[in-house]
Structures are given as structure tokens and as C-alpha cells.
């Protein structure tokens, strides 16, 4: 399999899952007089929608950046990529949970676990590629590798922290998640290699 | 990230959201004898479906036209594009609202707000690109820029008008929306640069 | 807009709508002891699913064949194509109707009307292209044009016939539909130009 | 139709169906206090989700590998491919059944029948291509053909076995399915031609 077809397939999955998120925002069966308050009531769903939309967008960009460090793919790489997409495709589930049971512990734990699973798979892909000279491109330097490992460690640490905080106050966990995303978006902005 | 991959991803989102619209037209649980009137009863859903299908088609064409004025994309451009797609992907929600509570105020306000949000993001993308010589193509002339700014101002003005009219009569707002779409389709038809 | 991007977008819509069909086959809420008969009860849904899957596959092939006769697209062509996709994307709705109210008149009328609308739009696209030398390719000869017009007339006639027959016996309409599809598949098989 | 467009369309269907699977995992309507046990209750859905995600990933890889042995496609090939995609697109249905009625006979029979139908169609495509010199590439040697036929026979045999075992104990059938997938993933790993 050549790399570009794997990318096209992955892009398809990203585009679908990001668009499917809206299906989980359902309008309650109320008469028009109560529509206003019903819409206020689904605000947690909309918050979760926006958050997951941006997260999946972020993962898509990271997936693309990783793909630029790869020149060839082999069978284990393809399967690791499928497992990564499995975790990305799973995102609508904890997203709906967070919308339905806002600011509670279990949904945040599941959301964090899902992000963590995707991230750890991403890290395995990065390590796997870096260690195989026939797979990586020349631009995949030790400096980039070290930087990526640090980012994975840092982000995963914050995810675990957000999950731990749910035992105190799940609402603070939302802030930690949001903080991670802002940090990641900012950090990628300062990337000198352009996009 | 190269421009063509961003376009392919965006095309995917457009194609999915335009096709998902049909999922919101649900058949009521009635026996066959009442099927006829049940189908008449979902006519507002079908009107909203057709309207949103054409709107998303319109945005897709505009997205493509904007892409032709861009030669390179950078990180802020990608994120602006993701926010734009977020608003496009959100369209099924107010569409269903308009189908479920036809000719009432709140759905029209949400529909208008959604279109406005997408449009303002589109305008920001246009301004951002125009001001960066390394991003825009040579064909992105001041004349085209000025014309686009006028179109955005005019269309956004009409969207706000449609939203304001809901306080008098939401049905007239439908006519304003339809008028905007017809105008936009007509105006793009006379584009001398072809498509 | 270049032709290949229009094709890619259309392919996306075809792929999505053909895959969404399965979402309309829902498992009734019964306990395991009644699962067997429940599955027998949804057989009409499965028949409708298979029929629509093949029909959309057929339209996809026809869309591709038409695209091969086109070298450039203009604005009206793009909008005609969007209207065509609108009717294709609508297919899940009458498909579900036929599954839910099997062998009755109204669903068959809607199914036929949907096919007819898609077909008439296809015919308009064909005529529009044929009459514009700067849009069509050299291979779009008068002979091919005449042949296509005959096919459209014949197929549309059979669709109308199937719809008329519902006033006598809707089950026979199914046979007419199936007959049209078999004929179309057979006729394209003998196409000397290959695929 | 050229091969690459058929591949792109098929990739689209694979990407959509693999992502749609998540829609079948629905959160029960319980208050927060019972959310924990409700999530434990949907574990069978998650098991079925993961299994089908990997199976569809596997079919996608096989589809790609088959495409590499083909240089041209004709009408029967396209239709066989559409029938193959029909069975792939049907997968969410028995997947949901297995989630809803875990470790029972009927769902496993349907799941097996679906896999078998897809597999037999795949086998027909392989035979059809191999027997037509103008369709296959030079790399489609008799050795590869024989190897593929053996794999199809072996896998189909195991599917039939899994279905037969449901008459004794459906849970063992799960193990057989899982075993087939592990075997297939392993076998493709040792493929000397790379991916």
C-alpha cells in the first residue's frame, strides 16, 4: 500500500467522524413554548460538540504532520494506523456522554481515556517509524523525534491529570482539556517548518 | 500541509454534511391509512432539507472559489478553515429545528445565526489571505477582494435583516433567505472568469 | 471549478448515501425469543436496501459515464449536478418508506417520483452538455446523444408505468423497477466502448 | 471507468462504514447514578464495535491488495465490486445484533453469513480477474492465485465452522472469528512482497 492511499483513507475517516458529531445533538420533543429552555438545556451537548470538533481537527493536523515524516508504510504501520482511527472514530461516544451528563465524573474519565488511547497509539506509531530507516524520511531528525516524545509525555500527563481531577471536581477537568488544546494549537503555530 | 489535502478534507466534510441532511427527515409511526397526511405533515422538513442542501452546495462552490485565490496555507488558515467547517457541519441542527417548528421565530434565528457565523468566518479567511502575499495567488487582485468584501457585507446584512424580520413574521424571513440564495446563484453565474 | 473536483465531490456523495442506507434498517426492541420473527418482519427493509444500493450504484456508473463526455464544467452544469445529487441523496427516504409499508401504493409512488426526478435532471444535464461545444468532448457524438435520449425516454416511461401500476397492484411495480435495473445493467454490459 | 476512480469510491465506502459503526452504540436513558452499570451493560456493543472495525479494516487492506493485481476494470468487475461493497456496508446490522443479543445464536449466524457473503464475492472477483489477461497485471502469477484460493477456502471453512458451532455454544464462535482475524493479520504480515 502506498502512503497516499493510507492518507486518503485516514482523511476520509477524520472527515466523517468530525461531521457525524452533529448527529448526537438531538432536539428534545417539546412544544414550541418550551423550545427556548430546551435549547438552553442542550448547551452541554453543544460545548462537547465544539470541543470534540476541534480535538478531531487537531488530531487530523497531527496525523498529517506525522505522515510527512514517513516515506513508506508497512503492514504493522497500517494496522497501528487502523487502531489509531478506531480511537478517533470512538470519540462521538464519550462526546455524547459529556453532553448528556455534563460536569460529572464518568463521562470525563471516558473522554480522557479515549484521548489517552489515541495519543498512546500515536506515540507508538511515531516510535515505530523513527526506529525504521526504510520507513522514515530524512527530515525525521532526532531533534524532531525528541520534541515529539516530549509533547506526547506532556499531553498524556495532562490527560491523566484531568482524569484524576474528576475525583475532586469534574468541571476543572474541562478547563484542563481546554488548556491542553489551546497549548497544542499555540505550540504548532510556532513551528518553524511551517505547517 | 499542502493546499490540495486541505481541499480534499473540506470537500469530504461538505459531501458528508450535505448527505447527512436526509437523516433528519424521519417517517412518523403511523399506520398506512394515515401515511398520506403524515407525509404532508413533514413537508416543512422537506422544504428545510432542500434549502440547506442548496445552501451547503453554495458554500462548497464559494469554498472552492476562495481556494483558487490561495497558493499556500499556513497554520492559522487551517484553523480558520476548521472553524468554517464547524459552522457548515452544524447546519443540520437548525435545519431540523426549522422542519420541526416551521415558520416560527427561534429556528429562523438559529438558522440565520449559523449562516452568519459561517459567513463571518469566510470573510475572516478572505481578509487573512489577501493581506499575506506569500499565501495568495497573483489572481487575487484588489478588485476581486473589494467585490468579495461587498458581497459579504451585503449577504450578512440580509441575514441580519431576515433575523430581525422574525420579530414581525418568521415566514417572510424564509423569503429573504431564499432571495439571498437566488441572488448569490445568479451573481456567480455572471462571473466572467468562468467558474 | 475543474471537472475532476466535481467528480470527486459527487463520488463522495454517492459513497455516503449508498452507505447510509443501512442506518434505516433498525432492529425492533424484542426479546431474544422473538428475534427470529422480528428479523423476518424486517425483510421488506432488506429488499428495499438491496434495491436502492444497486440503483445508486447504477446512477454512480451513469454519472461517471456522463462525466467522460464532458471536458469542462460551467456554473449551470455545477448547479444541475447539485440538484441531481439532491435527488440521489433523497433516496434513503422513499427506501425507508418502502421498507416500512411494503407493497403499498404511496411508497412506490414516492420511490418512482424520486427516480424520475433524478433521471429527468440527468437528461437535462446531458442535453445541456451536448448543446455546448466548449463543454463536451469530441467523443460525445450525435449517435451517443441519440442513444442516451432513447434510454432516458424508455426508462422514464417505465418509471411512469410502474407508478401507474400502483393503482392496480403495487407489488407488480416492484417487478417493473427490478426489470428496469436488470435491463439497464444488461444494456451497459454490451457497451462496445468498454466501461 | 478507470481503476483509480473505482478504488477511490470503494475507499470512501470503507471509510464511511467503518466510522458509522459508532452510531450503533447508544447510551441508555438512565440517570447518572445508574450510568456506571449502564456502561457495563453496553460492553457487548463495544466488543462487537472493535471486532467489526478491525474486520472492515482487514477487508479494506485485502481490497487494496486485490486492486494491485488488476490493471483495468470492466463492467462485470465494477458490478461485482458493488455487490462486494453491499455486503461490507451491511456489516453494521449484524454488528448491532451481536451487541444487542450477545453470545446468542442468531446474531452470530447473521454475522458469519455476512462475512461469508463478502468473502465469496471477493473470491469471485479474484477468479474473474485471474481468468482475463487484459484485466490482470503481470504480477498476478499462478502462485499468488493459488495462495489466494487456499486462503479463501480456509477462511470460508472457518466461518462455516463458527456458524456451525453456534448450535453448541455461540460464545466459542466469537473465539473462532477472533482466531480467523488474528490468523489473517499474521499471515499478511509475513507477506514478502511488503504491503
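For this structure, a couple of remarks:
Order as written gives the chain letters A, B, C and D; numbering starts at 1 within each chain.
Here is the rule we use: a residue touches a chain if its C-beta (ideal position, glycine included) is under 8 Å from a C-beta of that chain, and two chains touch if they have at least 3 such contacts.
Everything numeric in this text was worked out from a predicted model, so none of it was measured.
Chains making contact with subunit A as well as with subunit D: none in this assembly. For subunit C, the chain whose average C-alpha position is most distant is A. Under half of the residue numbers found at the subunit C and subunit D interface occur in both copies, marking it as a different-residue contact.
Between the Cα centres of subunit B and subunit D there is a gap of 37 Å.
Each chain gets one centre point, the mean of its Cα atoms, and the points for subunit B and subunit C are 26 Å apart. Touching of two or more other chains is recorded for residues 8, 12, 16, 20, 23 of subunit D.
Viewed as a network of touching protein chains, the structure reduces to one closed ring of chains, two contacts apiece. Residues of subunit C touching subunit D in their complex: 7-8, 11-12, 14-16, 18-23, 25, 27, 32, 35-36, 39, 49-50, 53-54, 57, 60-61, 64-65, 185, 188-189, 191, 194-195. By the touch rule above, subunit D contacts subunit C in their complex via residues 1, 5, 8-9, 12-13, 16-17, 20, 23, 73-76, 78-79, 82, 85-86, 89-90, 92-93, 96-97, 100-101, 104, 106, 110.
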